[in-house]
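Here come two complexes built around chain A, the first alongside chain B, the second alongside chain C.
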Partner chain A sequence: MITDIRIDLSPTHEHQGIKYRRGTALPFGSSVLSGGGINFSVFSSTSIGCTLVLFEKNAPEPFAEIPFPDEFEIGDVYCMIVFGLDFDNLEYGYKMDGPFRPEEGHRFDKTKILSDPYSRALGGRDVWMADPNWDNIYPHRSRIIYQDFDWEGDHPLETPIEDLIIYEAHVRAFTKDKSSGVKAPGTFSAIREKIPHLKKLGINCIELMPIYEFDEWEHSKENPETGETLVNFWGYSTINFFAPKAGYAATGKFGMQVDELKTLIKDLHRNGIEVLLDVVFNHTAEGNERGPYISFRGLDNKVYYMLTPEGYYFNFSGTGNTLNCNHPRVRNMVLDCLRYWAAEFHIDGFRFDLAAILGRDQSGVPLNNPPLVESLAYDPILSSCKLIAEAWDAGGLYQVGSFPAYGRWGEWNGKYRDSIRKVLKSEKGLIGELSQRIQGSPDLYFYRGPTASINFITCHDGFTMMDMVSYNEKHNEANGEDNNDGANDNNSWNCGVEGPTDDPAINFLRRQQVKNALTILMVSQGVPMLLMGDEMGRTKHGNNNTYCHDNELNWLNWDLLEENADLFNYTQRIIQFRKAHPVLRSKEHFQHRDYKEVGLSDISFHGTSAWRPDWTDDSLVFAYMLSGDHAKGGTIKDDTLYIAINMYWDGLEFELPQVPGDKQWHIFANTSMPAGKDISEVGAEILLEDQHKIVIGGRSIVILVNK
Partner chain B sequence: MKITISTVDEVMVLSVKGSIDSQTAPEFQTAILAQIETDNNLILDLRENEFISSAGLRVLLIVYRSSKITSGKLVLVGASEEIREVMHNTGFSKFFTFADTLEEGIKIIK
Partner chain C sequence: MAFSITSEVNKDGSIATITMVGEVDSLTARSFKHEIESVFQESEKLGDLKDLVLELDGLEFISSAGLRVLIFSKQSKPDANIYFVKAKEDILDSLQKTGLMHSVTAVDEYPLP
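Let's turn to the complex of A and B:
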């Protein structure tokens, strides 16, 4: 007779009444076995002993500490199966014994309880900003979760990247303000309530700023002006790479953040919206040599961190330490992590914060062929995921255009942002560069195609779009660093007055400039990314580095949707326009020739005179025409489009190029017109009376459709 | 946790007093699955239930999957606002019908 008792799942040891046996080295972390035991597995290269520490949930003291017997060690891995534990009510950690010799890279301290780098949930910050017990002997506690989830057939969407329109959002900032009107403000669940807004807007991908568990209390301090607590709001400081932030879940206090996040992703997918995660693999929350012991430093300092020959922490991330991404073990952890998120959470892609660090070797030297970047590019589980690099780091490595791509990595195109901002403020000498940016930056990505370029004008770092046209300088006093933090090269222009004004002409111009920015973003080849709130004129009052504010500086004010209804309408329609015209979403670069033999080349450049672009240094005008017959490499038929940008201060007459056939020019958008006349509905473009020329107002953009 | 089974207006009612957590979930699962075997229309009376942890919610999902197969109906009566919220936030609520009173629950089944 076959029994369901397995000999290798029977206890062999007992300690303080708890039964256990040698475990399995893989998988790392903790896993619940069908026989009822829990397997614990953790690696450490130079330790001499390890103890498993078990707590009941939130208990001040552990109920058991079980040292790993020598025979439970396989290579550098400690593994043990413990029986009879109630995993729903369990928290666990490790004490690691080994040398404390910082000059050799070792910082073991067997008194510290360390969380498991592979744990799927962490206790300790279950509710956002709830007062922690500062005397807790184990503040960030590994927990075990139910892995099962009813996905009901859900699958990552695999939207072609050239069709993506990304919306960068912060979970808490998106709905925390009471104007959001949601049930559980600031949570994953609340984003579900706002899916109708995202659909109406028309985006098809949401990129969430970091959602891996972090400590909002890290480096918390008082705002000298207001006495308010400044916190780590943005979350670019990871405590654990596998655990979603409990404080972002309405159900975090019940330990159900994993279910809540999966439910959100399932709903977003149902509505055709992909989910990208902003992931921070360049450093951890453990800081430099004065930082706390949370996990990595006490488990295997020399493996997890890049260290100087003297044993100090390299600081390429600007935050105290640098994760040793190209150490084979750390590389495997990163890979395990991303596979987990792709397979178990159905995540559609990842944006890697300060990704240039991923290309540095263990002593910090940039590699030509970084193994981690390559592994991710060729991984079978990640093969459909979007991989996007923020291709620079705080150590001075700037790789926009040169980040190792392996045929699939995209990049946040920082040069796109800088060029377009300068164009918008009518800086001269940029027409050549502008022509590159609207083509998907072939000067940077000639061999990679336009989809390597994630185009953005604003992101969480820096001004919002409305602030970009309202402030010349940053105003970061509220950050408590005497306005010394945040970037100084904002390439912004306040349109005449610094900050809010009653001057109707200035306010009109600001809106026009926002519409100009949105227009260029949506008619450029590449992948556009919109910053949360820019569709409704969000302001951070000139603060360009709001990482520390859990208040209205970051919280999206939903009343703006009504106040700036014209901006929302404009954004929505320009997005519809992009979606309606495949000629704007090419996968390959333009060939600058008429390979379809229709009498027009795929792209042509113009100036105030048709066919005569003005490339001179003084030029502030640029127009281009995209041939509809060449849409998506000539595989789809689209309308021919003409887009004219006049960044001169006054109106100019533009001669229109004549197109073979009997179609006529219709006007879709004209940013110099007041709300209501600035943009039409897609398909309802108005016939131009004069088919040969058009006057384009100062600092404005016109879009024409030939149909 | 204490489970009582009764029949009201020819409808089976399974009442739970106390909490359904990882300790009590197995007992709850056995009781409710046995009940579904005899009659796949069932009222789960939660008026005296204090809390359902994620372990308990998973039992409910297992029940849903089994009752769906046999085209039955499971109505949750008197679930607290907090439980409903948790179920809503974690996607469990869409699988169930809720009723405030026993009478209402019976009406739904009949």
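Let's turn to the complex of A and C:
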């Protein structure tokens, strides 16, 4: 029948035996059409010509180069449908012709083959650290993905953010060590094998450090001490925003990284665990004017990058260039990208690396109302996604507490980390600040509520929790930068000796300090984030910036689980406690009054004397009581909790507040006690003999439950 | 390694057996797909397909394109069972990692004991 013929899907042109026709401008990228053919669409504002370059997979030379005829250009978009291609065996790129006038921002070079910024998979780094062909004329090759994954009814979990317990992990570091005992160490697939660990721990959200395609070989160099190759291990340097890292997939060598990642996400969701991605939209792997042509620089340099008036790259990211996020076209790309991950990968949310850059205008000036940040907040596809900002950048813009939130954005609360670390090392003058941090930092987020605060004490940047109590100074010599890299303001305390020691008293104190940190984290309002391995006393031997190590410095040693079973047990139970007590997970800030008329205000502060907190500069003690009748704004009933923090070096007697009714105080946790007596199971708390007072050991925390 | 594929459909069209030897890469995956389409057509003429049996003792490798043919098979015949007979561990591993294992049943022999 004549109506079966799609005239819009019939070739009109032929080049070197390949048939093609004008394509559709949208969607950008490459799309396999149901009627046959592949649509290619790419934009470039100031180029004068574009050529589609086609390779068979891994072939050294292209099998065809098809210039886009003028009539295939719609606005600034080149689009073409090519017929008869085997998309499973295809790699493609573009050559873009245009002026090379750096002083005007243009760096076109028609000899370079550029990957498609919208390609859904990239070839070239299919297997982690496999030796690349350095003479490859096109090292990072766009590939085509056919979206036909069977999700079996899966959808994002939409866990209320106040109930989230985040676990920050690195895909490769999590299971690469042989102690992990998994089949394909260091891969998406291996994380699936470790889901039972995550469930046992009790977290309900995993935040993956960057999984967008990056080049582990970027800036690789030799370790001056060992001769080992130092690499881009963390991956904060994106090559393509739409493509998952093939080297993180056991099946990456077959081009199946998309399916493997989706299978992981589906399995995590089945187990009640959300997936957040750490996304890096502040810069790309193309570096400054001396960097390589991978994609953006050769396609539309002036659009994709923030440039100085002389045409050099602004470096607000500290890595050579800055993505021009508030250029309308880049803004749309970021939006398209996040929509793709939310819709096609069922991602539950995003943490934006150096997000303050998203709020700078095209000349780098901070905006009051940054359109990208606003667009993401109000986007219909992202409406259920968590949006979390690392609210600072390397250009000195620090927006913790002031990042434009639009009622949606949360923030990595760097002030929480700094305050709690100082409290833990018994710095004076911090009790007022501590009281704010445990309330969800209303001093920073008064209008945004406690869930704007992502509370963390450790993250990938900086010391692990065990190192935080074992080192005063960073020890980054292995990074090959003369110990000049990494932060100096660690606010850490080694408990008396720098590094490992046989002194049992110091080792006991270090564990106690770790338990103190875990306790404060889990009994604070806001959203707690735990760093991978802190549940088992992971160490990086004092290195606070392990971005370049593909070795045991980063790889999680699973033998620690047995070695530090007491820490795992403590972490697991304190997480259970948080989950069992909604009074710890408020969506709204406390009102500091008894709006339920039960004889207690929602929160009250205490010191060694009940009802009399010591706010003086010399004070090292702080206690607070949360009224169970006011849990979740008084909508549900919980137990009343009393939490006492004694950061004085000796034990002190605390008078306990008396609570209306006939319930009694039971002890749930006491971090000064040895393993086995430090924490009970939820519901098995032990009745206090003396209901009026309790002695709390030096540098320790006690949690009581009134029941 | 040279690729070969053969197939047969039983009398009432309820069982189709495909035997593959060698490697299914992006090129040979087309032969695999054609063979699947052809046994589906044949079985439809004879009755209802219940079991699609893939004899894989001699199969060394299956690429993403080959795995995609499996998805196509499952989508085309959602009620049919797909059996992988004597598939190598690496191949089953790929299925496991890419979430396709739920679409097939791995067995050591067919008919089932």
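Here is the rule we use: the second predicted complex is superposed on the first by the 704 of 707 C-alpha atoms of A that agree within 3 Å, B and C clash if a C-alpha of one lies under 4 Å from a C-alpha of the other, contacts with A are read in each partner's own complex, and residues count from 1 in each chain.
In this text, a contact is a pair of C-beta atoms (placed from the backbone, for glycine too) under 8 Å apart; a residue touches a chain by one contact, two chains touch by 3 or more.
The shown structure was predicted, so the numbers you read here are calculated from the model rather than taken from an experiment.
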item	value
Superposition on chain A - do chain B and chain C clash or fit	clash
Which superposed partner A:D88 touches (first chain B, second chain C, both, neither)	both
Which of chain B and chain C A:Y146 touches, first, second, both or neither	both
Which superposed partner A:E563 touches (first chain B, second chain C, both, neither)	neither
Chain B versus chain C as contact partner of A:D259, first or second or both or neither	both
Touching partner for A:K57 - first (chain B), second (chain C), both, neither	second
Touching both chain C and chain B, counted on chain A across the two superposed complexes	86, 88-89, 146, 148, 150, 183-184, 187-189, 249-251, 254-256, 259-260, 262-263, 266
Residues of chain B touching chain A in the complex	21-23, 53-55, 58, 61, 85-86, 88-92, 95
Residue ranges of chain A in contact with chain B within the complex	86-89, 145-146, 148, 150, 183-184, 187-189, 249-251, 254-256, 259-260, 262-263, 266-267
Chain A - residues contacting chain C, complex	57, 86, 88-89, 146, 148-150, 152, 183-184, 187-189, 249-251, 254-256, 259-260, 262-263, 266
Contacting residues of chain C [partner chain A, same complex]	26-27, 29, 63-65, 67-68, 71, 74, 93-94, 96-100, 102-103
